[in-house]
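Okay, so chain A shows up in both of these, paired with chain B first and chain C after.
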Partner chain A sequence: MINLIRIEFQKLFRRGLTYIGFAAILLIVLVIQVGMYVEGKKLLDFLIKSLSDVFLLEGNLINIYTVSYIVLTSLWIHIPVLVAIVAGDMVSGEAGRGTFRLLLTRPVSRGKLLTAKYITAQVYTAMLVVFLAIMSLVIGRFFFPAGDMIVLLETINIFDSTDVLWRFGAAYGYGMISMWVVSGLAFLFSTKATNSLGPVVASMSVLILFTIISNFSIGIFDPIKPFLFTTYLNGWQLFFDEPLRMDAIIKAITIMVAHITVFYLAAWLIFTRKDIQS
Partner chain B sequence: MSAEILVKATGLHKTFGKVKAVNDVGFEVRRGDIYGFLGPNGSGKSTTIRMMLGLIRPDSGQIKLFGEQMDRKNFKLLGRIGALIERPDFYTYLSAAKNLELLASYSGLNLNPKEQKHRIGEILDLVELSERADSKVKTFSQGMKQRLGIAQTLLHDPDLIILDEPVNGLDPQGIKDIRNLIVRLNEEMGKTLIVSSHILREMELIANRMLVINRGKVRVEGEVKALLKGEKVRVILSTNNPEKTLEILKINGFSEKPEINKLQEIIFDLHSDRVPQLNKILVEADIAVYQLNALNSLEDYFLSITA
Partner chain C sequence: MKSISLFVLLLIFTPAIKAQSLADSLVKHIITNSSKIQTFSADVLIDVDVDFIRIPIKKGKIFFKSPDKFKFRATGFALVPKKGLNFSMQKMLLQPHTALYVSSDDTNHLIKIVPMTADADYVIASLWIDKNLIRINKMEITSPKQGNSLMSFEYGNLPYDLPVSTKVSFDIAQIDIPMQFMGNMAMDKKKKDKSDKTSGNVILNYSNFKINGEIPDTFFDEEVESDSLIILEN
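On to the complex of A and B.
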């Protein structure tokens, strides 16, 4: 199995497509940070205008942590697209290129081959999220100072700069799990497709549809909302709440892990029974 | 003593939607054979080959490879087979050597890097690609890809090599190269080969045994020599005087009621021994013979299905 994973990584990192995700993340982070560096104060003044009348806010609120928090919101749409591009190509790409005929006429178990591909896709996804974390916190150092962080959720939370780093670590960890769900979904579609575009479009369509169902108050969908992974995609924000709601975090992670498992099993069932006609 | 049976297929059936792609196909391939799989495009050759390799599951029927039941759970049997199915598709962004290195890893070859490099060099040399070992496959011509395709089948020194349409898209020189390579693999390296093609001439030149398949059904199977040496042949005759020719055919007992097609060609069956005599009589009767084709039953059958 380790040998199969090693081969998958060799194939993955010798392709230009693989680096698009890293380049795009670098660009996303830079755009947000330059934007915040130039216009951030004006934006923050607008957001906390009503608070300024009631509270006395001192210090530099446009700091590395506030900006990194904004970067985290890219987990909503941008990073899922990047993740789906590679995960959606893992199986369908081989079918499209015709290379499955080469691989599956070797003495390799289909189940093991699929698992190696799945692990590779998920490790790649983890690498993208870690890269996002490093870029937002490292590049941010060049533009912004450290400082206390203000978070506007249902309540206003202000965190001391010494109390922030672990929250980011946990939020990115959570973000990684949520991206594994998206990656797993794209991978599942990939086992059915013979071109790379189909799984990306299909997984993005599901993501958008489920996000609409999760976020809009449409009564008939209320019973299914707790079971949709999109309901929990922005759950990383729970780590910027005080007090920490561990029950909500555990529930969210459990449902996302269940999705990851189901997507893998479904992909396994499809792939191990599939006739290779391409 | 008869040769060991490497492949035995019985009663294979496969349907895709409403299309019956393979219908009760069965055959045997023996060690040392170059076994031809002949049939027009869409006849079921590739589906049958894919079933042998576990790429497609038969609806019913059985395939035994090396005496063992072949199914997806028994994928280890594939370690004794090298296969090139239809187009030779590779990772075009990788070099020829790197492609072979990856495929060697999938084959589970436990070679150290030095041994592996040597093995890949040896194989590339055999298919005359050693000078392009480090070139990316996307720069290769179709003929070079085809040779690389054959090279990858040899990596793990298999007992049985399956080549599905290996001369497709090649120029005459490329066809000749592949043909020579196939014969070399069989005669010098002792490999058993199954080669599919839709070109009868190719099969005649290389195969010792052959199966003709059309619309998913086996039409003819057996030794190529025996199939081509049918006792009766179908004669297609074209002369300057069809009426007089018909009379001569009748008088000399060649044929009572031959067919005449739109081209005014006279068509009838005749014992192969009598063809020279027919020619002689026509010439002596001062009839100009434009065409005298004597087709054996296999050629006749194959022409009828590929026309």
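On to the complex of A and C.
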């Protein structure tokens, strides 16, 4: 199995498509960091202006942690696309290139081959999230100092700089799980398709549709909202809320893990029973 | 008949005149006591309790030089209430004003301060002045911008009238946070109080006072790091 995964990784990193995600994250993070470096203070002053009527505000809130948080919120919309591009190509790409029949003549079971591809896709997803973390928190240090972090949610949350890193660690961990759901969905569509574009478009369509339902304030959708994975994609923000709502976090992770499991099992069922013609 | 009228007038106005002179003398006493503090610095712990703000207790250092120079330095980010630092009261009393004696209870005299300048940043202030120690125990300020602020002072064993703890209660407008800026949680939203104003409390606990040491004026004007400043106590 490890050998299969190694081969899949070699194949993955020989394709230019694989690097699009990293390049996009690099570019977007740099653009946001430069923007915040130039205009960040003005923007934050505007947001907390009414506080300055009552309080003297002392200290700098435009720092590495606040900017990393903004990067996270901005990129969480785009990362699913980057993840789906690669995961959606994992199986369908082989079908499209006509290499599947040749590949399956090797003495390896379909289930093992699929699992190796699945693990590769999920490790790639994890790599993207880790890359985002490194870009935000490490490279960002060249632009910004460390300091207390401000998060504007339902309330204004200000965290001491010593109380921030674990939150980021947990948020990236949570984010990784949520991206595994998207990756798993794209992978599932990939097992049905014979070209790469189909699974990417299909998974994006599902993502957009579910996101609209999750955010629509119409009663008719309320019963299904708790079961949609899109309801929980932004849940990493829970780690920046005070007090921490562990019940909401555990519920969100449980539902996302259930989605990951169901998507993998469905992909496995489809692929092992599939009539491969190319 | 004339002498009766004069007697009645004296009977009516004597207590008022007496009360007025008492108000003036109380204010004068407080200004005299305050003027004994030419400079001071102190460590301060700031505990902010506002409905829509979550911030841990922050450490800071304050510096003051008479009559109105003030500087605050904190490790990290801190919110300090604009009203509630008792030397803002000193500045207020040095401006032209009228002091009116209102009443007294077991422990305090209550006087009202009305500003006599058009550009004053408050409309009216109420001072509860300790009957025995002639120092401010409580103060309420009404200002056009910030509404009402109520400050309660607790004093330690300092030889000067500097509080070791100040509780500031104030009205604050609810802030409508533009969620698009930093993202919004779609899941499990908490119910939001729709009222426009909410009240807040800030408790300032002071320690490590250095009173009447040397603090150069330039320190208040420039971006001098507080750590680099050595205050020599007299």
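As a convention for this text, the second predicted complex is superposed on the first by the 274 of 278 C-alpha atoms of A that agree within 3 Å, B and C clash if a C-alpha of one lies under 4 Å from a C-alpha of the other, contacts with A are read in each partner's own complex, and residues count from 1 in each chain.
Assume a contact is a pair of C-beta atoms (placed from the backbone, for glycine too) under 8 Å apart; a residue touches a chain by one contact, two chains touch by 3 or more.
Here the structure is a predicted model, which is why all the values come from computation and not from measurement.
Q: Quick one: chain B and chain C on chain A, clash or fit?
A: After superposition on chain A, which the two structures share, chain B sits beside chain C with no clash.
Q: Using the superposition on chain A described above, determine whether A:Asp160 touches chain B (first), chain C (second), both, or neither.
A: A:Asp160 sits against chain C, while chain B stays out of touch.
Q: Just checking: does A:Leu43 make contact with chain B only, chain C only, both, or neither of them? Give me first, second, both or neither.
A: It touches chain C, and chain B stays clear.
Q: Under the stated touch criterion, name the partner, chain B or chain C, that contacts more residues in chain A.
A: Of chain B and chain C, the partner in contact with more residues of chain A is C.
Q: On the A-aligned overlay, A:Asp275 touches which partner chain: chain B = first, chain C = second, or both, or neither?
A: So A:Asp275 only meets chain B here.
Q: Which of the two partners, first being chain B and second being chain C, lies in contact with A:Gln237: first, second, both, or neither?
A: Second partner only, chain C.
Q: Per the contact definition in the header, classify A:Asn3: touching chain B only (first), chain C only (second), both, or neither.
A: first
Q: Between chain B (first) and chain C (second), which does A:Arg110 come into contact with in this model arrangement: first, second, both, or neither?
A: first
Q: Between chain B (first) and chain C (second), which does A:Arg14 come into contact with in this model arrangement: first, second, both, or neither?
A: first
Q: After the two structures are laid over each other on chain A, how near do the C-alpha atoms of chain B and chain C get, in Å?
A: Distance of closest C-alpha approach: 41 Å.
Q: Along chain B, where are the residues that touch chain A in the complex?
A: Within the complex, chain B contacts chain A at residues 16, 50, 53-57, 72, 75-79, 81, 83, 85-87, 89-94, 98, 102-103, 105-108, 152.
Q: Could you pull out which chain A residues touch chain C in their complex?
A: 43, 47-48, 50-51, 53-61, 69-70, 72-73, 76, 147-148, 150-161, 163, 214-215, 231-232, 234-235, 237-238, 241-242, 245, 248, 252
Q: Touching residues of chain A toward chain B in the complex: what are they?
A: Per the stated touch rule, the residues are 3-4, 6-7, 10-11, 14-16, 97-99, 101-110, 272-273, 275-277.
Q: Can you list the chain C residues touching chain A in their complex?
A: Against chain A, chain C makes touches at 51-56, 60, 72-74, 76-82, 145-146, 170, 172-173, 175, 177-179, 181-190, 192, 200.
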